[in-house]
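In what comes next, chain A is part of two complexes: it sits with chain B in the first one and with chain C in the second one.
What follows is the complex of A and B.
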């Protein structure tokens, strides 16, 4: 009698087995018939990724460090960051992690580009349509709380192991902040400024391009910054499905208990994370300089 | 000529609010409507004629519906029912494109907290309306600069709004509206956020500009003194109803409702009423007075300006002169004292 309350009455074992098998077979069927199409669809992404990786790897290291330093100085006007950049890349180079770092950087760059290209329009759509917002918000919540390992499975089943499935997993994991903050940034624009634009007869498009997006820029950049950070976290996990770079070394060190390799690659990841973070944050702040006033001559 | 004609305008906020119009027509008030239907009564049966070239002030306390009313004139707020006719066109029937064209060419609005674009400099802010109209940069910039000079902001073209004081920001707001050369200027509590002294400056700037411009101006305010100073006509709104409409003198001397009466109680009439507002025809004055000793005042002088001379000289009659010096009316000291006694 009490058994009923002590053990949850699960569905019959046979049913569950068939149920799971049904889903698996269905999905396998789906990927068998459409996998190739999907692969063709993502082929340009593959091209872009390979191109950027080759570019990064074939760039002579002094030039690469120089470019990142200039970028860092231009965004932050801080010599400290430039010195940090030089030290970090020297460390990476000296310990033989240059090529892995370039591969990781490449996939971060491409996944950020894709996340921004998809995420900002989605965020704009959400800000325009409350219905879109009510539909997309729970999906984003779901994407952000689902353990990242879980979405590796369907991606691998669809596209196999390799760079592109890894990239897609990274984009899915990293896209929510840029979508959310684009939506938030546009919705937060002062209503009287919107009314002012409308009172002069601005079309929705003019309103968006001349008023809403420029004023939402600081918030959008905060979203891009978070997206980059999440991409960095996911790129390590994505090494399990064939993404090369620093993550793969970390994975190797876990399975073989190589403490030194794990530590070195971990530190390299932290270093590039800090550099990405500082540069994108500083750029976001520069976009909103007009808000403080007095900085324009 | 009537420029803007508002006919039977209702605005009720809430879902399916048009269903509540019959109830309001039968006399249901704001509180009852909210309790029974969950609808908020914004405006109820507003009828208003706004003359071309005049400053028409709409006055009311917060929640009276005055900001809602002004937003109907450029349809930033959609009416629940009613018509707004501007130059023979019912703007409540315009589609999106026609509405945008109407906004581009006929109206411009000045906002309480300025509504400036923080990422544009002053010149770009002022030419925003022309930019929306896709007028070429050279033309719009030279027009913009003219207006920047006229409102006294020369040299600030490349500054950003945040660098300017409130009064200066609102001058930008005014210049932005005027650069568009609208026929109708909508001013929503335009000076309410400013300090008293700056506010007075802005009122004087507006009066000075209006002398040449002769725009049709709809001016929203919660301040009776401001309404009396600026308004050719004043409409008083209360809880979405139009309580009384008339000239400053009508409102001051013949308040029609208790609400208006309470409002005008503390107004210093000597500072508001001008000689021309209270003068009478010669026919209303007795022969003895007409032949007696008289004091000459200008038509636009407020009572305060000549009251001291009335007290000292004790004239039999006050003669009101036009700009060119001819007598256009008379005022007996008796009448003057009655008006001032309230």
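What follows is the complex of A and C.
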């Protein structure tokens, strides 16, 4: 009698077996029939990835450092950051991690682009429709907490090893902040401002593009910043499905107890993270100051 | 910024440090076990930790040995997580865990030989009499292109092995970064002239990704070429063919080059010899274990094809390792009954009925 309460009554073993086999075979069937189509669908994305990586790798290093420094100065107006950028990339280059760093930068750039292109419209939709918000929020929670290999193995079975599955993994993990914060930013816009816009006869479209999004910009940028950071954090997971770059070196060094190589590559990841973080954060702040209507720097 | 670094840290730990974690985990588990030494049943044999490796056959064998030791010899067994490198290092350095049921010893470095010579660890018997590492292709490819059975045929047809990313070159799926076989695979890739033949080396990053790409290519009837090893449920359930390298044979000279981690770049072709898959245990354990337990560990050998058949059942029935071990004991008595005394065998079978 008490047995019932002591052991949870699991479903019959045959049912569980058929259930698991059903899913496994269903997936096999699916990849057999649609695998090729899905590969074709992602082909342009792969081309973009390869193009950006080649571009980054073939850019002469002084030009690359120059461009990042200018970008950094333009965003922050801080010479300290520029010096930091030069030191960081010199360190990366001197220790022979240039190419890996470019590969990593490439996948971060492309996954941020994809995350922003998909995430901002999603966030806007969520802010417009409370029903969308109730549906999307738990999906975002799911994406952030599901252990990556649970979805990586099927993705690799469908698409093989390489950049595209890596990109999918990174985007799945990194997209939630930009979606959430776009939604939040637009919902946070002062109601009186919206009413004012409406009383001037603004169409919903004008309201969105000329009032809500501009005012939400700082929050959206905070989201983009977080997305970039999460993408960097995923570099090592991505390397576990064959994405080249700093993550793969960390992986290799740790399985072989090469502490120095692991540390160097880890520091390189941190260095790019800081640079990306400072630039995107400073840019977000500048947008905000601009909106305040104070003195334009 | 601090948050971000934390994030990166966490991820590194979550994924790449799992191996190290496993060692700690197994250490803690086994330390915990020793405090429960009052168990009457375990009076004779004591607490025994058996390392479960990350692949299916080793997990099944670990649970099988644990069951036999527990039910047949009255040991207080515990299966602890492990992996080839962390477990062997931990056994050599810390004498923990006690037993590795399926240890691929010819891939281990000098530290293992030193530990065997120094008497810290001992080799029981061969865990498996066959199996091993090789280059594999899906058997389906052979029907249309019989010449692929030999490496020359493979080298002549890179266009059959393209992936969207490698195209127009063929993709050669190597061994995951950081694994022992990575060195060999990369050196052999060079030695056989794969690059000149029009192949690119693809680093799969992890065993899971390597297996998933092979399984996916097989299911989609696409071309696939790469490193893998038997016995595995992948090779037990999906039909793959080992690429023959006839007449290349392994010699001490060409193998020394193939396993040179500096990647000399001028190796002669070589190939894996038959794998040495051992049962290993620590001397610590050998000193306190009853003789019949050690005898069992010395005698317990399976053939790789028998294990392949087991793995096939494991996948078909969706068994976990514990259930698979029970299946072996009840349904495949032909495989193990002669390795122990009739009395012990009956005890084990009776315990499961």
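Miscellaneous remarks
Here, the second predicted complex is superposed on the first by the 278 of 297 C-alpha atoms of A that agree within 3 Å, B and C clash if a C-alpha of one lies under 4 Å from a C-alpha of the other, contacts with A are read in each partner's own complex, and residues count from 1 in each chain.
To be clear about the criterion, a contact is a pair of C-beta atoms (placed from the backbone, for glycine too) under 8 Å apart; a residue touches a chain by one contact, two chains touch by 3 or more.
What you see is a predicted model, and the numbers here were worked out from it, not measured in a lab.
Touched residues of chain A, counted separately for chain B and chain C, are more numerous for C. Shared-chain residue A:3: touches no atom of chain B or chain C. Contact with chain B, but none with chain C, is seen for A:199 once the two complexes are overlaid on the shared chain.
Of the two partner chains placed by superposition, only chain C is touched by A:243; chain B is not. Of the two partner chains placed around the shared chain by superposition, chain B is the only one that A:214 touches, whereas chain C remains out of contact. Judged by the touch definition given at the top, the superposed model places A:233 against chain C, while chain B stays out of reach.
No residue of chain A touches both chain B in one complex and chain C in the other. Those residues of chain A lying in contact with chain B across their complex are 190, 192-193, 195-203, 206, 210-211, 214-215, 290-294, 296.
The touching residues of chain A, counted against chain C in their complex, run 16-17, 20-21, 28, 31-32, 35-36, 39, 42-43, 46, 50, 148-149, 152-154, 156-165, 229-230, 232-234, 236-237, 239-244, 248, 250-256, 266, 269-270, 273-274, 277. Touching chain A in their complex are the following residues of chain B: 71, 74, 76, 99-105, 107-109, 111-119, 121, 128-129, 131-133, 158-160, 162-163, 180, 186.
Looking at the complex, you find that chain C touches chain A at residues 1, 3-5, 7-8, 10-12, 15-17, 19-20, 85, 163-165, 171, 173, 177-179, 182, 202-206, 208-210, 212-213, 215-217, 219-222, 316-318.
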